[in-house]
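In the two assemblies presented below, chain A is common to both, partnered first by chain B and then by chain C.
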Partner chain A sequence: SRRKRARARHKPCELRELEVSVSELGLGYESDETVLFRYCSGTCEAAVRSYDLSLKSMRSRRRIRREKVRARPCCRPLAYDDDVSFLDAYNRYYTVNELSAKECGCV
Partner chain B sequence: AFGLYFPRKEYVENVYIDEPAGMPLLRIHALKDSHEEVAHFHLCQNLIISRARSHENNWFQIREKTGLLYLSKNLDRDDFNMLSVGNWMPLSKVMLYVFLSSHPFQEKECDSATRTTVFLSLINATAPACSSLTARQLCFTEMDLSFHIKENKPPGTFHQLQLPSVHHLCQNLSISYKLLAAEGLPFRYNENTTSVRVTQRLDREERERYELIAKCTVREGFREMQVEVPFLVNVLDEDDSPPFLPNGTDTADAVVEFNRKEGTVLATLTVYDADTTPIYPLESSRKKYTGTIVTDDPWISETFRVEHIFDEIHFSPNGSRVRGTRHEYKLVLNKSISVTEHRYFQLDVLVNDTEFHGPERSVMLHFNVSILPVSIQFSNVTYQFTVNRNAERFAQIGKICIENCMKFRGVNITYKLLPPNASCYPVGILQGREDKYGSLYVNDSSVLRRPDCKEIQYTVQATDKQSRKHTKTLLTVVLEGTLLRKEEDCPDSCAISKHRAECEECGGLGVLTGKCQWRQGSGKGITTNYSTCTPSIKTCPDGICDVVESRDPAVCPQDCTSGNIIGGHGKGTGNLGIKSGHGICYCFPRQNCYCEKDDIKEQLCDEVCKTVI
Partner chain C sequence: LASIFSGMDPAASSKSNHCLDAAKACNLNDNCKRLRSGYISTCSRELAGSEPCSRRKCHKALRQFFDRVPGEFTFRLLFCSCKDRACAERRRQTIVPSCSYEDKEKPNCLDLRGTCRADHLCRSRLADFHTNCQATFQSLTSCPGDNYQACLGSYAGLIGFDMTPNYVDASTTSITISPWCSCKGSGNMEEECEKFLRDFTENPCLRNAIQAFGNGSDVNVAPKN
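And now, the complex of A and B:
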């Protein structure tokens, strides 16, 4: 199982999808409609640059102390899907834009 | 539209293969306009097969005097195939026009306005045996028995119940008809000819719909079958009633006072008519009933116009429901009237029912018009406002308004502050494009902090654009409160704060007492009562991006933002502002607004990339 975990951790950054109801999105909309929610998930170890190594070194040498810095790339959407429209429980239409990812990348 | 006419718009009948020449198909009737007229029927020499195709008519003829349509030539399979080529419908239909004239047809005229359409379904089979037909098929066609008869026309025969083709083919069957529910109604059934006749002139204003039942009995030896179908007669209207006034009311008062705007309806008078008024075509119904201002004063005809609308009403002359028309004539201002105008006069409107041919075709309506002047003046109190010394720029102090200003329509009042002699000049006045009042606001907060400024006297001037009339009053602004130390690192907009604590310890643009105010929402779903941080709960968010808020996007983005709103929300009018939101709504002015539940602990990244600090 240890090996399994290690393998799972090495899944590269990619697009996954999930079918969820609008209410589950937690935005406050009450609706039973389901939407396809695409998100980005995976590791970004192969995208580490000199910048990240140097920043880590600066931090460990206490040259950077107070600020929040991120010394490793992160798997995030590079582009978003089209707008999603739905009808809520009170018969009102809503349109949500940039709800789910279309393309992922390490940034 | 006088003369002979058809009581039905359409007729239908089936035609089978190899039916013999001389076979009768159906009877068409005409009704008369006067006793002397004699109806002549005539067929157009074209069969219309589909929109694009027609064919010369070699098979069907009509008896000029009786209106009997019959087969003049056997219709064999070849004819059938020719007629149904290119007809994509599974059942081929051909269409014939039957024309009507009061004199014998000289030539084959095919353009008389009075025509009816006959649809013949060509059935690709020989005629079925009489014994295989249902009673419904033996007695009636598939078409409803529905007729229209014009009112005030002489009696006449308008339908024959017996189907000529069935009568011709099924000699051994006895088929008899009856008209039920006809007692006391002006319709008679003649048993010998099976025809139905209207026995007297009808009056639509008495009754406009007759619902009878046609009953048919088929006897074959000992078997007897019965069918009943509705038999409907609609009475068509003609203009035979003059206009009249309800309760004799022909006068109305029209007062022009605070509302002087172009397009204002001052008074309405109603005229009734027992006739119906068709809505289409619009121009003709407008022309049918006219309302014109009777005047030779050019000022009156320029300043007023009459608008005419009409709708259908129902009245019950003797238990039946009959449609009539209600015409409404509205006296409308054709242009805005100056506040100085002062007149009294009577304005007459002549209403004319142009299609009615009688002496009382018109009525005169009277409007007693009073145009009162309105005074441009402040009520005799002087304005006094107190302003806290910690107020920030764009804080709204109060409103300034002349007497009755909220009632004004079509009067443009502009407010101006005449600068005081002192150098203390902290407030300004602003007015929206549609606003009838002036909004007083802080436009230089550094003056509020100066100890030498305590009480400032202004003169406010209100001017009416059109008449140039103006009025003045005094305004005193009193500065109060002790100066508080300003917090460090506070944003310039209250709306940025997400929590009550940080909201109430900071100031921002538009605050009245130096600190922002927290509005605690009720927090159920997406609500207009969302939690947010605002310079003043009274004005923000109130769903209106007022003239002061619109000066700077940092004052009240909750009412004015046109940017992205992220999270559950509903937009305000004109896509401005956040009308309703989910949880707490906060904004970064000129950028995004966010509405979210407070309990969401934001994770910047997933498990994989947690910052190691």
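And now, the complex of A and C:
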């Protein structure tokens, strides 16, 4: 339902997880191994700082122009998970670091 | 015993690759994933110069993996059953054999045993293996006390020492296990060497234990009528 979707959209920033195959990661590795992919998702409305409000104000008063600024906090990983290793379809081992989020925050 | 097989139904997933399933189970457990990545990255790290890797560090990381991760994960990786070559090759690759197992030369098995016995931990692990995997005609399974679990545990306990055993090839029909050694150059000790090597290569207790684990039949050792 619409209300359900709206509520899902307004979930605060948090860690979520998905079971995905290594091939699905799109990093160019061919492997059927399954890994746990943890990512950050959610809104950061509650984390708006005076900084964001002021930046927005400066932008609307055209004190800041032609610059890429972000006047809203963003839900991103604060820390990344340990390395993940796997065997690919050609029997070679690979190790990938910083694949998964470990902790999320509004930054 | 039952705990090792919970969540593993060989009948329901006969088409799938059990070794791939074992890797998935490990990857979804934080502790298993971390220690598996630990030994894989150490054992597959190429060094500058002539050495392909640091065998000493690789062995240490392997010992940590088998010491600190429960058998429900490690045994599944080591002893998964296979119907095709890709699966059997994955099983053979479990311990990263290019670094932990293979060497430029194959030492004499009795010399290798001597090296192992000089290390007190390797010595005791080898003694455990001989005790728990000693083929016997007095039991149905060929294992002492029909205890498959003890034999598999002793096998895993040797990994990361000088006597590291592994599957010799990716055959799906016959399982052959051996340490990296041969009985060439044994002189008048040839018979003793062959006897020692056969405890790995032609051991019905070890073979039955691995096969029973793979097809999930080691819970009940009674024959089917």
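Everything that follows uses one rule, which is that the second predicted complex is superposed on the first by the 105 of 107 C-alpha atoms of A that agree within 3 Å, B and C clash if a C-alpha of one lies under 4 Å from a C-alpha of the other, contacts with A are read in each partner's own complex, and residues count from 1 in each chain.
By our rule, contacts are C-beta pairs under 8 Å (C-beta built on N, C-alpha and C of every residue); 3 or more make two chains touch, one makes a residue touch a chain.
Everything quoted here is computed from the prediction, not taken from an experiment.
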Practice prompt. Quick one: classify A:Lys102 as touching chain B (first), chain C (second), both or neither.
Written response: neither
Practice prompt. Give one of first, second, both or neither to describe whether A:Arg70 is in contact with chain B, with chain C, with both, or with none.
Written response: first
Discussion item. Taking the superposition on A as described, I'd like to know which of chain B and chain C A:His10 touches: first, second, both or neither.
Written reply: neither
Practice prompt. Look at A:Gly28 in the shared chain and tell me whether it touches chain B only, chain C only, both, or neither; answer first, second, both or neither.
Written response: first
Worksheet item: Looking at the overlay, what does A:Arg49 touch: chain B (first), chain C (second), both, or neither?
Response: neither
Item to complete: Considering only the touch criterion stated at the top, classify A:Ser41 as touching first (chain B), second (chain C), both, or neither.
Response: first
Discussion item. Taking the stated contact definition, name every residue in chain A that is touched by chain B in one complex and by chain C in the other, in rising order.
Written reply: 92, 94
Worksheet item: Inside the complex, what are the residues of chain B that reach chain A?
Response: 525-526, 564, 566-570, 581-583, 595-597, 600, 605-606, 608-609, 611, 613
Item to complete: Could you please specify the touching residues of chain A with respect to chain B in the complex?
Response: 9, 26-30, 41-44, 68, 70, 72-75, 92, 94, 97-98
Fill in: Of chain C, residues touching chain A in the complex
17, 20, 23-24, 27-28, 33-34, 36-37, 40-41, 43-44, 89-90, 93, 96
Fill in: chain A residues touching chain C - in the complex, by the definition given at the top
19, 32-36, 82-87, 91-95
